[in-house]
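Going in written order, the chains are labelled A, B, C, D and E, and every chain counts its residues from 1.
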């Protein structure tokens, strides 16, 4: 039983990590139907910015909590700025182009950003300072769930709820939903579609940055390539849950996390990703638009 | 030709770039040193750098390009797979190739590649040492063997598994691969714990090792963790921090007191403002060994150079080395290290 | 003019802000040292200032090009002439073929090797073009079929010493079967759901190759695969040239076949399926069969090329069959112009040769490559060459005209 | 109120509007007629800024619309119910209506206006919480008009509001158009295929043909024009 | 006489919504029948069930293949239904936009031709002939509906009215016995509508095709149809010749409104 719980929480933590990245994926996809392959790189840049800022701040002898807050805020600021800029450069000019063109542009952008960080920083892994200490009340559960894992799970949950509320109730959220469903009509209702799309990228990137900081802190190391696998996994999770849906992204990510953790624990980690992808195929066969996805059946 | 052309090939971009770039830097330092002193027999040395991303097909391209440019000798490639692919090209003109990091045993032991040398020990030698150390010194009985599914790590782990199974009274508790680059290894860590292993042998590189060790230690699993040369890297200690304490890793004999190694490290620090990375010293030694061989042979004729590699010792940061008939370095001894107070300390084993 | 400068200044300030932490600061968290590289900030500032002019200039050009329709018509006419006017087209193609045939005589072995690689990707691109460009099925796991072909030959050769010429057709057949295997479960899926499942399929194949050590030799791969035997003994250089010619021959065959199919009953059904699945079914097209045939046909070429690839590198391991490879092949198709055969050929040559020729830029190589991909898409979103539909000769089919002619003859 | 001067609009290389000039006075209903592909929809899209004109000017009162972005134009009170209704499929009826008031901040007044449109179309009130995509064609058309009304347009552009509707609903919709014109003093530019009905409620009419304005005049005169009768009213 | 298409108790549910409710319907050779009803009555859904787009939840659909044989087509795939001789057009035009007009029609020939991948690659005499015949057959259909001048144009560049006719041409290429047209006159001006009426009549008279059409343009419906079926809320509320239907109070209440002539 304990083993089960351990695997359960291992999967939950991992799933939450995927979820934070998947949320941004799903938002961007929802609004412009673009698989934003560069999203993983935004997450990586968030983590790098955090590392750099933490390094600079370490000179000042601040309390760890303060460093954590500042680092997170700056990472969010910068990732958002990158997300915003990337959209303007690589996607906006392609808005009326065939959808695959934007996809290729995204792949190119992803390669570019990886190498940009590789060249400007280093190819090596860098240690990420531990910014979240061990909570005392967690001491006796530590063998099941670490403190940083707990923070990730809670943050993901909060991010999901806030994001859902934001999309459901704010003006911008409404504008996002309208833009996602019918851009031309949104324009005709006076919605500034460009701004809505930019905002989506900014919000999605901010979430990725938050993920970057938390995950780097949890794992303790980063390099320029971490965005790639994380991005693919998050994309998988978003599709599994039904791309475009916020709770779907989280659910998909959790299922993915659990599949990986239980298949490792009870079968073999060699084939962990194989199981994950097989699960994906099976779920999509029975629910072709993901678990919580909108039916895409066209009315004839 | 009026220059001697030294090729350096390996992964310089993509996810494995960090294993290839240090060798380029090392070779550059060695070549600069030679050229400062007037080159070899009055000929300057020209460095030709080619990226192969550790992919076989790119390695073939890189090798063909180097050959087209009339390369005399090659330091590289980095990954065993890419090296094998590239060797099929070099073999046609018997270009001497010396790798700082390709550890696949077959490269030397199969006899297929007479022009191949390396300044790193093959996987089986390391695995032997790891297992003997684990069993004899640490008295482990039930060992979990984990690897990163990679060419190097898995090969090593398979040897370790084989050696453990051959030893009376010792079991393999678990034999599994982890996905490199994955975000989190807590599931596999829990599984190790659940297998009641009394020690872990890990085959692979430091990023995964540090993640696994960190999570093991955070979960208060304090069983011995034994790994390989891919982990015996300063970065591992930097990244894993306090969790690195007590970890064992095999690696070339300690050379930190070797003045050449000190010097090489110093150069790197001066020029790049950071410590060197993986296989830096191996690369350094490889470049030195091959250039020295040319010097001794007074020729770039492959046969003569290879002969010189096998007969003459050369002083390198790794010590005084020459190469055996198969191409493995003689004099690159292996030791077991342990992280103590944030440093790798050579054990007397 | 003044406002232009102001705009560029803004851009420049923005990029200096954006790249500040990553370009300027380098920290060492262990030794607590920080390196400030202010010179980079200046470079970025100046660079983005000037590049922003270029960027806007290019955008304006793109916009005005759309406007000056008469000019566009002219260039279109020119292009149409090139393709349709046999007098121009045939000599160009002939010259091209002669150039390609003489290529090994004129250039170094290295050039021949990378050209062979490029030609292999031409075939791969044309194969994927059938799936993505014609049938509109977004396949992100195409590399899986390539791997199947490569391992077919490698394993047969390694275990049973089977020659390349026997393994080649088998590789194609197994590729096709893998295509059908993938096709079945994903038929119901649309658009990007299909994309992720194919991506997953590609990963599954790679992971199995990596983990099933007893069968596939795992990550250390299979070495010493025989080069094809062309009936007479060849040196390595000779053999590289021979493979080059063989691949070139294969390119011709692929072009010939895909071109034939494009304007056949099946090819039309593929395109129609891409345009509107529902209408297509209502017109009597069997969706399942048609989709599967596209998958299988596309995969066959990947299977063939896999075997050629294994023979060419003489060593394979799973590292050659990553997702990035699928992404590159897809980029070839999209960048070249979806559905357009000459476009895909051009796309493959550019995308595969570009990184090789960028070797001069050494470590900036992939940076430039990524950037170039973005720019090419931004400024040529339709791809380099747009696909064209076949025009039919109507005269011969018209009953009306036939009658008129008969009437004219009889009267 | 609205004036187009020699407007030329392109789709890529295809010129869809050739020197189109027309005028709509405050309080009028103006019908824009023409065969398929004549450029009626394009004219509306050009006014709304979705497909900006290449040359020519569009003035709304004194404001140059041809220099403005679509959302700014809507802010001025120029709203369009586009061809094909464009209901947001995954939003409920009430959310669809709310979006009409996207630019408005006067919550009180919005509530009153929502009630007004529910009065106008009682069927919609019943289906408040139903998703847009599940409505029948006629209901979608009502929803589209309601949504436009919520943005309090001073000038309403209607593109083929009767397309695909049952006869009984067509009449209802035309009655409502008349009603909004009279009661809320909304100026209306109406594009219609059903020329007969359109001219019956319009003050003025324009007839387009292949991107050009071919005829214009009083609605009554046009109704009795033989050419028009033949081409657009179905026989004589 | 044998009907061509025989439908008994057809029912279609979407979740809780019964869009088509127990409809009986027959169509005979050389008939033009109209299906009318308010928006959302279930007319298009009825088409979708008959042509295999949806699998009906209840009832039977039979196609009479010859004098004594009938085949149940419930749940058959759309392409099979088309092979059996039912072809349709769509309410919102669904052309293959990027293909030429001729190619659009040639897709209709798909189910009457046989070339597979291998024979297409070999392109032997038989295949060349088949290709030629399929092209010329398609071209003749274009001549019939007056689209031959556009044959090599890309379909999406066609004027709207021509696109409507192209949909019909494409359906004709499948050699249907019954042609189902979903609002073929929507968005057409009266002149174009008259043109369409002539085409439909010509099809019946010269090609022996029966036509079932959904239409809201009462002028056209009254002019063309021999029989009208009226649906409301999924149910059949009336059936009969135009004159009768025009006077039917239920139909007037649900659909036509009071003075229908003012509109027509």
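We adopt the following convention: a residue touches a chain if its C-beta (ideal position, glycine included) is under 8 Å from a C-beta of that chain, and two chains touch if they have at least 3 such contacts.
Remember, it's a predicted structure, so these values are computed and weren't measured experimentally.
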Least hop count linking subunit B to subunit D through chains in contact: 2
Graph separation of subunit A and subunit D (steps between touching chains): 1
Set of chains adjacent to subunit C and to subunit D: A, E
Highest C-beta pair count, chain pair: A-C
Most distant chain from subunit C, judged by the mean position of its C-alpha atoms: D
Most remote chain, CA-based centroid, reference being subunit A: E
Innermost chain, where centres are averages of C-alpha coordinates: C
Computed distance of Cα centres, subunit B from subunit A, in Å: 35
Centre distance in Å when subunit D and subunit E are each reduced to the mean of their C-alpha atoms: 31
Between subunit C and subunit A, distance of the C-alpha-averaged centres to the nearest whole Å: 29
Two or more partner chains touched - positions in subunit C: 26, 28-30, 211, 278, 363, 366
Subunit D: positions in contact with at least two other chains: none
Where subunit A touches two or more other chains at once, by residue number: 115, 122, 126-127, 270, 273, 300
Subunit A partner contacts - residues on subunit B that touch it in the complex: 13-15, 17-18, 21, 149, 176-179, 181-184, 186-191, 193-194, 206-207, 210-211, 214, 218-220, 235, 238-241, 274, 277
Subunit B contact footprint on subunit C (complex, rising order): 26, 28-30, 33, 35, 108-111, 113-114, 117, 210-211, 213, 218-221, 223-224, 235-237, 240, 309, 312-317, 319-320, 356, 359, 362-363, 365-366
Residues of subunit A defined as touching subunit C within the complex: 29, 33, 35, 37, 45, 48-49, 51-56, 58-59, 74, 78, 81-82, 85, 89-90, 93-94, 97-98, 100-105, 107-117, 119-122, 126-129, 232, 235-236, 239, 243, 270-271, 273-274, 277-278, 280-281, 284-285, 288-290, 296, 298, 300
Of subunit C, residues touching subunit E in the complex: 257, 260-261, 264-269, 271-272, 275-276, 278-287, 293, 297, 389-392, 394, 396-400
Subunit A-facing residues of subunit D, complex: 48-50, 69-71, 74-75, 79-80, 82, 86, 88-91, 95, 98-100, 102-103, 133, 147, 151
